[in-house]
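Chain IDs A, B, C and D follow the sequence of writing; residue 1 opens each chain.
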Amino acid sequence: MTNSKTDYNKLLSGIVQELKPYFGQGQQADYIPELANVDPNKFGISLAFLDGRTFTYGDSEERFSIQSISKVFTTAAAFGLIGKKLWERVDIEPSGTPFNSLLQLEQEQGIPRNPFINAGALVVTDVLMSNLNDPYADMLNFVRELSGCSSIEYNQVVVDSELDTAYRNAALAYYLKSFGNLDNHPIEVLKLYIHYCSIEMSCTELAQAFHLFARRNRLDCNIPDLTPSQLKRLNALMQTCGFYDESGEFSFLVGLPGKSGVGGGIAAVYPDFYSVAVWSPRLNEKGNSILGMKALELLTSKSGLSIF
Amino acid sequence: MTNSKTDYNKLLSGIVQELKPYFGQGQQADYIPELANVDPNKFGISLAFLDGRTFTYGDSEERFSIQSISKVFTTAAAFGLIGKKLWERVDIEPSGTPFNSLLQLEQEQGIPRNPFINAGALVVTDVLMSNLNDPYADMLNFVRELSGCSSIEYNQVVVDSELDTAYRNAALAYYLKSFGNLDNHPIEVLKLYIHYCSIEMSCTELAQAFHLFARRNRLDCNIPDLTPSQLKRLNALMQTCGFYDESGEFSFLVGLPGKSGVGGGIAAVYPDFYSVAVWSPRLNEKGNSILGMKALELLTSKSGLSIF
Amino acid sequence: MTNSKTDYNKLLSGIVQELKPYFGQGQQADYIPELANVDPNKFGISLAFLDGRTFTYGDSEERFSIQSISKVFTTAAAFGLIGKKLWERVDIEPSGTPFNSLLQLEQEQGIPRNPFINAGALVVTDVLMSNLNDPYADMLNFVRELSGCSSIEYNQVVVDSELDTAYRNAALAYYLKSFGNLDNHPIEVLKLYIHYCSIEMSCTELAQAFHLFARRNRLDCNIPDLTPSQLKRLNALMQTCGFYDESGEFSFLVGLPGKSGVGGGIAAVYPDFYSVAVWSPRLNEKGNSILGMKALELLTSKSGLSIF
Amino acid sequence: MTNSKTDYNKLLSGIVQELKPYFGQGQQADYIPELANVDPNKFGISLAFLDGRTFTYGDSEERFSIQSISKVFTTAAAFGLIGKKLWERVDIEPSGTPFNSLLQLEQEQGIPRNPFINAGALVVTDVLMSNLNDPYADMLNFVRELSGCSSIEYNQVVVDSELDTAYRNAALAYYLKSFGNLDNHPIEVLKLYIHYCSIEMSCTELAQAFHLFARRNRLDCNIPDLTPSQLKRLNALMQTCGFYDESGEFSFLVGLPGKSGVGGGIAAVYPDFYSVAVWSPRLNEKGNSILGMKALELLTSKSGLSIF
């Protein structure tokens, strides 16, 4: 299906041409002061085939705040650590409401709809806090191993900036605690969660790290011992829940499992073939990167490489 | 209308006779460990006419945790301090949902439905924190002056007990902060709010303090300068919002403005005539005292003294 | 309390003077084409003391569509006919959401929150359809007897106009039926309900009819055999639920049990003293008459005649 | 990926062996009397590769009521007829709430979340009613052409049975009409919708018809002129929305785009390779066939043939 003769460099250039009318649309996230300082016109993409070929364009090597994309790494780690028991504390259904809604949490008595909304990610973080020796160092090492870059770090300035204003996430954490769905102190869980979100990676590093989900092979990393079946299921989760209340739209237009972050990044995979990461800070009203969504839509429609 | 020849002592005894079948029904609040230590079979009532006659029965002089009844005092104080501006930050409509629901707060973008649900009371507490010199001492003095008892105190054991488990209220406070509807730190507001709830008063002290609302006369107290019109409106608020999602039921059966607390207390007023307080720790599933509700229903139907 | 020396003609004139700045504000209901044909600048008020004195101003003798005010008459009739069993099919709590919301009905499994929202009134209408010999003629006669005017009629043009566009009410009726809370066919119930809403009365006729609730005396009418206690409870219901999601506001500002209709009418009572009806077609965004609300607020604050 | 040497007959037998413990679990739909008459212990499966190989087991040739599986055919037809304009009237996001919820419809002002919940399917049906010459005959012919079986029919007994009790769907239809999102009369739309649901097909006929989505080739049928891109998007829709509020679960466990019906049928596709239909009337509490879900989970995990 993937044609090794396709000129992917040319394909990427063609995509960027078609993106031109969309440049400058949307706003970057400004609720975290530090994120508002990023140049909103950055754009990078990195397409990494499992056979080793990699194609990039633009600011593909510049690191940015991966934010909610970290939820894929933490969910993978927690799933590896405690297995199916994870799904007793967090569901696997699309949310139908914005990523930081308390409504659904109330209706469903403290069980978040999925691990990719904030409430779910806080529960996942609580699992890691209880099951890792050093939840700060161990998660960072996991991401470093996946991407092959030992210089990946938390951004302490982003952490501090976010801790000052994370009122809604603090509300979510306390609310989960009130339902008995956090073992640790809400503010401690929140602090760890914000660290995970603050991890900085480049498109190329992200694409490399997502090979895990494209390959679905057992990991060599120590921490999370993930089976191919588990990795398939994480792909399914990304497909149905990766883009908040725009997950249907992304699935409809792009047709790949993926995950977005308010830093403007999106990572996605075409199982058995490639992973791809794109970055552009300007977001639509649902909190997803406008150019990122469009670039991936063009990539799958032009290459014919989608799962459907 | 009020018959000075009615033998109210006999009326109260008669009510207690009719309450017998309901003794032992319901559970006392146990989410605050300290409240669970109270003898659940306590029962007291104090009926205080504005003309000075007072009739009591049972444990009417024993102090208990007034809990949410404190919301009437704090709302009165805040209304006196900042006037109509209070209603820009908290609405005056019945809630239709349980007292600690986050749902409605989300739908209404951080404006609590009324000052007698927890979210609303946190906003009121925030107003007091910003507008009183010493929000701890000043509120206590206000309640002392109203009831004429200078020995009324916060119960520090209840405060400590509640602070440890107030996860849902902490969630509400952070959530309000996320909407910009708290000026002070959420945990500081919560701490003050919990102190207010921990005030201990007897039925007779409560009935005396509620003369303010039955008389609707300007206060001599320094702090909140309440007009008769403001006091009328506080009565109207108690009528429509005083019993969480059972406010209609109370209005229907009892026909008096009033306020309940999970400590098992209820205070109510018949404007121009009397105020009444009743205490019994066993609650129905909506969080209101079973014997208290029933006693007041019998009082108004037997005496014919209700506002409707 | 009511001063027989007060010059109520002068009081009403004074109120109208103060209303001047509000004339022309708001829009009349236009979802029923026939209602949109009424002159929006009509204004009438009729104040009827139980001692027989009546004071009127403006278009007080002109009939208008009473619309939801009919819910008070139908609820009274149904309560008289089947007693407390009525409350097994419709609750008595304020709704917290707009009058035609399906949300709450879903959350509460087909039990409307109170008889004064449309869903509740449909259930009440179903009760009348099952318990009256001739639900069309009998209800009309009941209203005629209450007001002493045998010429009161359904307005067939309004009925036809409304039947064509009553999609949301039809949805409510079918939804209630799906929960088993209608005995009769949804469209038949809807048709009867729309007839009740189409009744036309003047302010003076409405005020006279509401003497029932101000007097709280057993009726001489044949159909609904209402006790004083039941009438008190209907007053309590009007107090907490009479103005949709503005019931708290009305209670707060006016302090009387009452009921509004989208025809621009409001009827209210001060138990033991008077009933009052006001009519002005321009509505606020909650569906209540702007001048009507304001006129009653001024009436109670100027005369000091409110229940609180 | 698909191994032509795999013995799929043996694979199916193996699956049925593993299903044994689940036989007898769950209840068949009984809200439609006619559906309750079906033998609940029926089980059939039909696996049809695009290369022509077909493998079946059990009652694979017996026709059953396809019910909501018809929504895939009607959505495909409407998408073909009016293209992207369809998505202005119905969204493409997972619902997060049960299939017949009115809640979300109220929150989203009459735009159903997706075409596979009842509200969305009613809008789709309205589109067909307005855009087909003979919406009854044309849709039936479309399904007949897809499956190659000209004897496929509506079941008039099921239609009559459902029309008598379709109160909730009638409520949905009237509610959509109240938002202006139906062009035709609600009851007419409902009647047509119920006909579509009453279509009866066997597993083998369904699997054959779903080749359309597995092949994603332009149709020879006259009516809906579907492009490969449109067919891909219908697959994406099935993936995220095909199983009501269990869509995440199905995606997670099975990893194929598919659609279930309360008749106990499920049809699914593995693009480029096969389509599969399974039938067993006993449903879980979410309304999906228990054996059907489990059979497909086993099929993809044993064969390794899923999209993730």
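To be clear about the criterion, a residue touches a chain if its C-beta (ideal position, glycine included) is under 8 Å from a C-beta of that chain, and two chains touch if they have at least 3 such contacts.
Nothing here was measured: the structure is a model prediction, and the numbers come from that model.
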{"item": "Touching both chain C and chain D (chains)", "value": "none"}
{"item": "Taking each chain's C-alpha mean as its centre, the one farthest from chain A", "value": "C"}
{"item": "Rounded Å distance between chain B and chain D, as computed from the means of their C-alpha atoms", "value": "55"}
{"item": "Distance from chain C to chain B - Cα centre to Cα centre, in angstrom", "value": "31"}
{"item": "Cα-centroid distance, chain A relative to chain B, in whole angstrom", "value": "48"}
{"item": "Residue numbers of chain C (touch at least two other chains)", "value": "none"}
{"item": "Residues of chain C touching chain B in the complex", "value": "1, 91-97, 104, 113-114, 216, 229, 232-233, 235-237, 239-241, 245-249, 251-253, 255, 257, 271-272, 301, 306-308"}
{"item": "Residues of chain D touching chain C in the complex", "value": "101-103, 105-107, 167-168, 170-175, 177-178, 186"}
